[in-house]
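Going in written order, the chains are labelled A, B, C and D, and every chain counts its residues from 1.
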Amino acid sequence: MLLTSSAAGVYVICPTPFTIDGRVDPASTDQMVEAFLKAGATGLTILGIMGEAPKLAADESLAFAKQVIATVAGRVPVIVGVSAAGFAGMSALSRKVMGAGAAGVMIAPPSALRTDDQIVSYYADAVEAIGPDVPFVIQDYPLVTNVVMTPKVILRIIEENPSCVMLKHEDWPGLDKITTLRRASADGQARRVSILTGNGGLFLPFEMERGADGAMTGYAYPEMLVGVVNLIKAGKRKEAHDLFDRHLPLVRYETQPNLGLAVRKYVLKRRGIIASDTLRKPGPKLSPETVADIDWLMERIERS
Amino acid sequence: MLLTSSAAGVYVICPTPFTIDGRVDPASTDQMVEAFLKAGATGLTILGIMGEAPKLAADESLAFAKQVIATVAGRVPVIVGVSAAGFAGMSALSRKVMGAGAAGVMIAPPSALRTDDQIVSYYADAVEAIGPDVPFVIQDYPLVTNVVMTPKVILRIIEENPSCVMLKHEDWPGLDKITTLRRASADGQARRVSILTGNGGLFLPFEMERGADGAMTGYAYPEMLVGVVNLIKAGKRKEAHDLFDRHLPLVRYETQPNLGLAVRKYVLKRRGIIASDTLRKPGPKLSPETVADIDWLMERIERS
Amino acid sequence: MLLTSSAAGVYVICPTPFTIDGRVDPASTDQMVEAFLKAGATGLTILGIMGEAPKLAADESLAFAKQVIATVAGRVPVIVGVSAAGFAGMSALSRKVMGAGAAGVMIAPPSALRTDDQIVSYYADAVEAIGPDVPFVIQDYPLVTNVVMTPKVILRIIEENPSCVMLKHEDWPGLDKITTLRRASADGQARRVSILTGNGGLFLPFEMERGADGAMTGYAYPEMLVGVVNLIKAGKRKEAHDLFDRHLPLVRYETQPNLGLAVRKYVLKRRGIIASDTLRKPGPKLSPETVADIDWLMERIERS
Amino acid sequence: MLLTSSAAGVYVICPTPFTIDGRVDPASTDQMVEAFLKAGATGLTILGIMGEAPKLAADESLAFAKQVIATVAGRVPVIVGVSAAGFAGMSALSRKVMGAGAAGVMIAPPSALRTDDQIVSYYADAVEAIGPDVPFVIQDYPLVTNVVMTPKVILRIIEENPSCVMLKHEDWPGLDKITTLRRASADGQARRVSILTGNGGLFLPFEMERGADGAMTGYAYPEMLVGVVNLIKAGKRKEAHDLFDRHLPLVRYETQPNLGLAVRKYVLKRRGIIASDTLRKPGPKLSPETVADIDWLMERIERS
């Protein structure tokens, strides 16, 4: 099952669960996969920035990917982040996870890229590295990568690389970018690819209204993301915003850079989805005051 | 009336109103000042990043500052942003606005600063430039300045410069930073200064709970900021969060980098507070889709 | 006398001389102008990055520019750096110095620019600010500005703005960029503008061989720059490199970021060209060890 | 043979030789090792930034390291760069190369680090990852890493980590930093570690005079680096500078960012030290004009 341009719904960005002493936790991994599928995920994405991918050794990454793919067992597509400092590492990981049954890979640009041509060339080289038959996702996340891609650049990458099937959109601000990209494909100027949005879902209802096909992001209550996507698709705008706004205080708290992942893991632990909220170093620790904030936010969400 | 370490409440960050053809708009300036005071502002801050200060010529900045100070006429303190590429410009503007009746000045660090000592030295030089008797505010806004100040560095600046009376806190994440700074002054390790928080108010109720004295930020409904600060001070936690959460969807929309100011000016215009939502170049223009989003958000706030 | 696309030779980047107590030094200014003209300068450039322009107040900048222009008295063109945080400041300074007799202005892009279109738009807005009849120079200096312009972007700026007459080239590496730009104008794909090179002259003989028309840079022995440019133009390659290589140890020492200007001012002082090597804050101070290094380098140059 | 604080001389930074089709080239690797030892290297450093380390897959890195260590066969110490995006990768590589006989490892800080405490903590975590008994080298190279370490920070790292035995110094400007660090150890404020300097050798004679113990850098004629170090140690200042200055035109050409490694590999190929000057993507290609420049520079060096 390979990823295609018609992918939609909610691809949940999975954290990598660790035990208290920092080893990858296989039991929590399985439990998390089942919880996310039960929440309505139409896909899973692993080894992304919020999956602490750079903190894993090469063999750990591969073992984790294989386990997730095996547990999912074809129920939904699994996308694997293969961003790497060099193409040799990207190529090796990509080949192995595709061999293990991944649906596609996701590639974020390295932070040194500046000009339009540098970005376009980088994706051409990346496609050469992973092979032209591997479906891939562009990750457009300037807050973290420091690489700014105009719609024009994204369209060039789509045009020049038939294996590009999706944009993980998390530019900020980014709503007009969705509008521009969708207009370009509606006008026949460009091939239409799937657009799933990120940024912890912070703008999800608006993004859907601009033409996104769904979300590819993490949030400790992924059923909310699923609910919002479905409500918007059903034309229930007010209900979608009502549902979303009820969660927004926690979404906002979870989108704090660096700290956000610790928040998310804490909530997932409290919800019984993973066993420990351990992050590998370097990573923040939650202060007692922060824990109290999160407890307050969870209580307000769950009460309503 | 000079700014002191006991400043509290809501210091509204004022945009600079322009006419449709881009000149500073004196009529809107007066109207805006009165609206913000009526909303409960305990102070005003002008010529900050969100005041488009770098887009004004030197004489325009001074004229605008003088007008605001004259209109306020001593009802509340006025703080003037004097961040500049060099100390000669900072010194000149500071001297002139203090002469015109400003309560103090605000200084953001230039983006080239990296090490702890560079940051501390910079503020020492800045104090030399503005004079040791001018109360000043440290602006700690890494998302925009790219300068990261640890609590330790902030405490060193406070310790070495008696004229430092306030921290405009907008680190992100920043809640634990407030806790750390407040603990340091509670423990007698450091002089207590006022902490007013920024970031468009995105974390305001939590920031108050961590020990902030109020907010120094902009938002198109500043009465909400005032309400939240007062409710928290009155111990009404739930009511504070309820009020805040009702506005959070728009707060979130307004905190989009670059675009946010255009959103804010549009709402201020629709509320009759300024005549035009013009931004000077370089600045974004609102798309029709974005205008529709904002209208939707305003309607939901005002209906509730 | 307005700057044109046929400008050539050596436009010496002038430092701004200060007295020991940090005021602009008019006597040294005149003396420096005469020394640079005597050294063979075919133009002067003031208020650039190495002129400590951001450290001057608006009135100081203008007074300094007027004095230099008056002293030069039409003997050579004077270019004035008008890079500014905003277009209002750029417009005001540009109008005043052109009125005072400047030949053109120089504009470096602000460091926030990332994409090709952002850079091209910025120069369009800048031309709107200074007026379409004011000849201007693009400063392409990524090491300092953090803005990377491809040859394609530079050619678009040249094409869209007839008042663009010169590129101050200081990309690094940058030799192939000159080759590409010159090929584009030779092939009739683009209007030919003057290319003067910067970077403290570090690659001057090779830059001339690639098609530069000369240099626009500073070095404490500007007669060397003049000599190299003339020797290359006269076809005396070996002599040009021999002359250059004799100075290279000091050129290399002067191109150290930040420190370099202090080195240059020290040598200019020792050569009797300016009275003091004072830099305004923030700026480095030369250690005794560094002074000894420079003395050693000067001795080796002057002995040979 | 473990690396100690008394290491001195020239540790040549080795490129990773590739065949024309981009595979690691074992024959060239052996030949290069022998050539560098014959040139007088007192150590070798592999898998650094100029060794294209991030472009190698994990197994390639390890195989290359093992081969170099085996070829050297204990004649000199071999240092291996283990900088990695995460500690798991760093730990794995470090353990394996130390097991294979490396003398120590080198660690550059990741570019996200800003504050003094972040940098110090990072090295504490890194030591935890590699183990407290593995001698390590701090790489201080802000031009590439964007991390600025004050002397104070370096001294804290040395103080808190007994396994820190060397600083690879390539700050720029950096001469006064050597003076400050050496004064601190002379004054008994800090443990004395080895300081070897980098930056392609651009300031080598001055660095030696400030107290460096030698160089750890690459240059296509490493015998020049050895010669300069030995002449300075022998008190022959003039001869050292004469030798250095003869090579400076090429050193300068080789220190161009990104392009420099392609230049170095070309010269090594022409000198018969490696079979191909291939770089892995992303990497620059030499234009015919650049090749002609290098040929000219080589001719001038070899003639003299």
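What we mean here is this: a contact is a pair of C-beta atoms (placed from the backbone, for glycine too) under 8 Å apart; a residue touches a chain by one contact, two chains touch by 3 or more.
Molecules present, by chain and UniProt name: A, B, C, D = Dihydrodipicolinate synthase family protein.
Here the structure is a predicted model, which is why all the values come from computation and not from measurement.
Peer 1: So if I look at the partners of chain A and the partners of chain D, which chains show up in both lists?
Peer 2: Looking at chain D and chain A together, the chains touching each of them are B, C.
Peer 1: Could you tell me which chain lies farthest from chain B when each chain's centre is the average position of its Cα atoms?
Peer 2: Computed centres place D farthest from chain B.
Peer 1: If I rank B-C and B-D by number of C-beta contact pairs, which comes first?
Peer 2: If we tally the C-beta pairs in contact for B-C and B-D, the bigger total goes to B-C.
Peer 1: Hey, how far is the Cα centre of chain B from the one of chain D, in Å?
Peer 2: 47
Peer 1: Based only on mean CA positions, could you tell me how far chain A sits from chain B in angstrom?
Peer 2: So the centre of chain A lies 34 Å away from the centre of chain B.
Peer 1: How far is the middle of chain B from the middle of chain C, if each middle is the mean of its Cα atoms, in Å?
Peer 2: Between these chains, centre-to-centre, one finds 38 Å.
Peer 1: Quick check on chain C: which residues sit in contact with 2+ other chains?
Peer 2: In chain C, nothing touches at least two other chains.
Peer 1: With touch defined as at the start, can you tell me which chain D residues reach chain A in the complex?
Peer 2: 52, 54-58, 60, 85-89, 91-92, 111, 121-122, 125, 128, 280-282
Peer 1: In the complex of these two chains, what residues of chain D are touching chain B?
Peer 2: My answer: residues 114-118, 147-150, 152-153.
Peer 1: Taking the touch rule as given, give the residues of chain B at its contact with chain A in the complex, in rising order.
Peer 2: Residues of chain B touching chain A: 172-173, 175-176, 179, 202-203, 206, 209-210, 241, 245, 248-249, 252-253, 256-259, 284, 287, 289-290, 293, 296, 300.
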